[in-house]
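Listed below are the structures to be examined.
Two complexes come next, and they have one chain in common, chain A, joined by chain B in the first and chain C in the second.
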Partner chain A sequence: MTLTEPAIADSEAASGAGDATAPESSDEAVAAPSTLAQPFVTSDASAVGRLFVLASLLLALGTSVVGVLLSLGRTEAVAPWDLFGGFNAYFRMWTLYRMSFMLLVVMPLLLGVALAVVPSQVGAGNVAFPRAALASFWSWLIGAVIIVVSVFAGGGWGAIDGVTGNESDAMALTLLGTGMVMVALLLGAVTVATTVISLRQTGMSLLYVPPFSWSMLVAAAVWLFTLPVAVANLVVIYADLRGRPAIAFGRAESPDIWLQLDWLVEQPAVYIMAVPVLGVAVEAVGAAVGARSSRPEAITVIVGLFGLLAVGGWSQDYFTAPQDLRDGLVYVAFGLAAVLPLVALAGGAAELVLRGAKTPDRLLDVRMVGAGAALKLLGAAALVGALRVIEPLDLLETTATWAVFHGVVVAGLIASVVALRNWSQELRIGPLSAVVGRGAIALLAAGGGLLVLSDLVSGFLADAPDLMALSLDGSAVLNVVVFVGSILVAAGAAAAALGAVSALRPVPVAESDPA
Partner chain B sequence: MRTTALPAAEATRPRTVVVGALLATGAVFMAFAALVAVYVQQRQLARATGQEWFPEGSVELGPAGMMMMTLVLSMVTVQWAVQAARDEDRPHGFIALGVTLMFGAAVINQFWFVYTDTAFAIDGGRAELLFYAVTGSFIAMLIFGMAMLAVTTIRSLMGPFGRDLAHGVQAAGAYWHMCVLCYFLVWYVIFITK
Partner chain C sequence: MFTTGFKFFFGLFAAFCAAALVYGYTTGGNHVGPLSLGWKGGVGDHIGYGVLVGLAGVSLTISLVLVSFRDADAAAQAHLQNLAEVPTDQPVSASFWPVAASFGAGAAAVGSVLHPMVFVLGLAVIVLSTVEWTMDAWADRATGDAAVNRELRNRIMAPIEIPVIGALAVGVVVLAASRILLTVSQLAAVTVAGVVSALILGGAWVYASRPGLGRRLVRVLGAVGALLLLMGGVLAAVAGERDFHHHTDDTHEESGEPTSNGEHGG
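Let's look at the complex of A and B:
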């Protein structure tokens, strides 16, 4: 592999790269957009990446606060429907929490990091379609606002306790926002994937693309296989919702809308958020100890395998008898096999530590600690996922489902903190404070660990299927633990957001040029 | 003896616009395939429980076959446009793109006839709802493809042909072929096997 040959100057990238660098003439300098206008017109992928990261971290804060309230509803302090003003409102928040963490927090957060980091890793001046990247951010943000507003206006993904007033219209708006967000993420994914495929340095084979760029290429491919299926679900649901009163399925006054989409936040599709986490972890460990893997192609294969096991469009069970799918060999095999690449990747990370400098300051580096925590949480989630598909354990329709979800989501959040620390130069922000970084990682890891553990144990204790954890008997102590875990995750998200905002400061142009 | 620095070999990476368009096209195909899968699954479920899917004779094969033929012809004209763009042959490129747009408009017109002929109500039941969801999505995809081709046509009129524009037409052509493939699914699943 050689990185010294000139990058391919393809049409779009060349113009985009030109936009990303400092203006050469005084005329261009005069024409440069003002600071206020820049977020609306920039074709610098690094700036778009920063926008994604900041907006996602702020939404992470809001979503984790919703999580705290939901977990408070699981305790016996107050009935959940009283806390939110009705059973429908509780259901709306319960579904918002899950969809938001996936579509509005973890996926855009890692996409934002990728937009900033991938071009410099593969030797391109900018991403393949810089304006498409900007369009991706704004359509994602507008979609996110539509989702949040419509959910608070009585929309959401179905209702359990009947529909009143304009709630059906608000639900249609929620579906529109969800579709917008998914299409925007797909657009961003296409931009990143094209950058890796088409704009990497000549001589750099795909097998030797840096781990994070490779993991984003795999993630983009998996997103392209998975999110369009969810968009198709939305089309059917929307036509159904508008086609009332001869409702076939997707009834607004039932949780049917959610039941057509819940596969997205369950195994195996939930892992689509986690694929880039592997790339972040490997690179962070390598950077912390100053070592490179002796078998980079093995890391490539492992990440690819994990991506393959995250493809989940086939796993929706609304249109079939759930037992037909979930007792099937493929579903069980996917659940069990997901553990293997994570174990292998942990081995790869361990090899890096053995090859690198093992001084205490390097071993306790924020990136090292964060990568370790993210991998452990992800491993725990995959392990719970493997237990969940073992039929005699009877965990499928229990809170164990959310143990997997929480493990993956919090691992994604930790990976983003690590990425902020590791790639501050590519993101053109100041270095994330080590104290804030350690604090955020510690809070997130502790909170995530408590959530995974308590959701798993609650799942074992449940006498009957209870995805919403509304049967409070027998697991009151665990529900308090969930509450504490949610508070810790919210505090960790707040620390991460605070760290990112405080790291925003003007960086001299000479330092900011990624080329 | 002096050595002469040779120019670098031409880059062999796949072209950016084409790669991006192929990835986006794949995503659109996935969405459409998922819709068709729901249609097939629901129809199978209805038949398994002894229910009628469409009333006998309500869906005619004739117009659907005409649409298939029209779209197959449009595949030829799209490739004609792509080749003309590669050859920087402006008159042929413009004619080919114009004919393709006309074929697209003809298919939309034929769908309008099918909707009038079948006179399904969207709230008539699962079959009718999914019929409109699948065919409506296809029409939306086709209109998007026509818009892509129209933009390419306008660009070809306003500026010189070149490598970049040829890639743009190639990308639009790949999307168009995918649309025809999707219609093949519609034709077979909805109109032939009914």
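Let's look at the complex of A and C:
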């Protein structure tokens, strides 16, 4: 089987329509698209998944480079506004880094894996809406291009010192691109969720759906509860920016635009990226040691609980007085409770290890190492999140916010490397090299760990709220650590992207199983 | 019982309702305002709430239409076609229209900020893609034979597509050729028109006299010719028309020099 095998062949194979007795005219009428045309017309969800994975990994590389430049600005080697050519430009890159990692990297990366893996896990020939999956990818890609180009043209999600005429146009484009990306991700998520709900094999109860498919179903549900709220935010901001003053709700200048959207990259909503990570981790550990959980329904409940705690559309402090929201019982409870499902899931993974073969080669398998690293980083992020909501610690508006963000994002990147290794057959790529996989995971884990730790400690050291870490004079050493961590994450993203690109070669099915 | 299409859109309806509630209460809604569409209490921010409720309404309507007509219900289709067995899975043919719809959405987004013409073009592409996509989806489920499905689709759409595409092609050719002829000098315009006419005539003669000519070759030559014409038209439009010198006796002559703004001389 090759990478360019026509989708129709798979569909026909699944349906039995492509048998030898088919009339000759059938072959002509449904002629397979050429290699060049395939990405534009394919109805094979696995091919769409590969497109998502490849594009997201390349964007991960670009985004992590932006992260390196931003962290360089924190080292005092060069003033951040000098590095980017002005304070507004620095703010643009600062917001791009966060939005991009969420909407252009981690979410599409895991969605791409899901499009390829979920149908085979639930026993379906293809996803429920193959054409919607294709539209999802292209809409996401076009939206991503609009975002990146408009941000570099002076747009972005707000400006610190006021919005000029040209910036207003570019910002409008950024908002439209963001909305397009969100709607595209929703389309893909609905496709995956419908596949799990409607196309799973007869007799397969939702409680016993494989953990990754279940985690994607939960993630899709949470995305459906979260992203439309963010799209509504975008509509209001766009109306403020372009509409007449009579319909203006807020102010489309200063950083107000960002303040209406920042809830998306802060807890609890930031965890919406991490829900599929749980499914990847459990399945990777099980595959590495060759064991199945004795209580699969417990895993199902744990993943569902984590998804529930990731619903965050209600936590918009732009519309509610921050002290009312952040000190409220619900916000604190969500922050503290998010740790529990991760601890429980770690217990579930440990049970798998105890039940499985504990030979050194299996315990040091790339999937095992990666799953462990992803869960640890996610656990660390949730732990910081729990500390953050404890009011006497004064961590709310500090860099501890980005410790949570970095932990979740890097855990998502590591999970994608594990997924590439674990499901190469479903993705129809060659097996990800063990050396590259281990290298990428080690770099990402080390970089992510440094970022989480230094952002947390910087948060403790801050005398006053300082989200952008612009006045952390007392933590110069920590800022250098952040810089090193950013470089390691960028190197890990580069290794993962290179590994994925080198795995994109036609291979026989039997050769592509890493196990 | 419930069709796949119904589940999809009813799910969207539920999600949009939930999003509207969350959005309403988080943007200043009070009492049961967001629950009662503003009848008792405020709904918070009207624009976002209105958009979400509107989307919920559209999703609910579509879901009810789909379940009423049993769309994507394999059992219902098998019954209509007098099939003994219900097909378990149906092939989905390759289609360009999802990508076209995405590009249309992108063009509409960019055009809404940069130029109304691009916006309208994007909307037109979205509408066209929606119609074509719908027809492809219907045809894929018409029978169990992909070739028959394709033929059914073409039987309905070809009488619409061919004249429309033909009219568009003629329009593009006329527009591009006229830009080229109005930009180059008078002598060059006559030469270009003569050469192009001769090429078209010669090509048609060769194609008619050699029926065995490869279809791929003809397609490639046609595509290259169309591309050259389009590029020439765009470049000529950018360069502007040549300078026309009008005289009082209504005769005019051309200097042969193109102008940057394309205005006629007086």
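Side notes on the structure shown:
We take it that the second predicted complex is superposed on the first by the 465 of 515 C-alpha atoms of A that agree within 3 Å, B and C clash if a C-alpha of one lies under 4 Å from a C-alpha of the other, contacts with A are read in each partner's own complex, and residues count from 1 in each chain.
As a working rule, a residue touches a chain if its C-beta (ideal position, glycine included) is under 8 Å from a C-beta of that chain, and two chains touch if they have at least 3 such contacts.
This structure is a prediction, so every number in the text was calculated from the model and none was measured.
Legend: residue contacts after superposition of the two complexes on their common chain; A:I142 is shown touching chain C, with no touch to chain B. In the superposed model, A:A493 makes contact with neither chain B nor chain C.
In the superposition on chain A, A:P130 makes contact with chain C only, not with chain B. After overlaying the two complexes on the shared chain, residue contacts for A:V369 are found with neither chain B nor chain C. When the two complexes are superposed, the chain touching more residues of chain A, out of chain B and chain C, is C. Contacts of A:G177 after superposition: chain C is touched, whereas chain B is not reached.
Once chain A of one complex is fitted onto chain A of the other, the partner contacts of A:A239 extend to both chain B and chain C. With both structures placed on the common chain, the touch criterion links A:F225 to chain B and to chain C. After overlaying the two complexes on the shared chain, residue contacts for A:T202 are found with chain B alone; chain C is out of touch. Once both structures are placed on chain A, chain A residues 6, 8, 11-12, 128-129, 132, 190, 193-194, 197-198, 224-225, 228-229, 231-233, 235-236, 239, 249, 313, 319-320 are touched by chain B and, in the other complex, by chain C.
Residue ranges on chain A touching chain B, taken from their complex, read 5-6, 8, 10-13, 128-129, 132, 186-187, 190-191, 193-194, 197-200, 202, 220, 224-225, 227-229, 231-233, 235-236, 239-240, 242-246, 248-249, 313, 319-320.
For chain B in complex with chain A, the touching residues are 8, 11-17, 19-20, 23-24, 26-32, 34-35, 38, 41-42, 45, 121-126, 129-130, 132-133, 136-137, 163-164, 167. Contact residues of chain A toward chain C in the complex are 6-8, 11-12, 14-15, 17-18, 22-23, 25-26, 28-30, 32-33, 38, 40-43, 124-126, 128-132, 134-135, 138-139, 141-143, 145-146, 169, 172-173, 176-177, 179-180, 184, 190, 193-194, 197-198, 224-225, 228-229, 231-233, 235-236, 239, 247, 249, 313-316, 319-320.
Against chain A, in their complex, chain C makes its touches with residues 4, 7-8, 11-12, 15-16, 18-19, 22-23, 25-28, 44-45, 47-49, 51-52, 55, 87-99, 101-103, 105-106, 109-110, 112-114, 133, 136-137, 144-147, 150-151.
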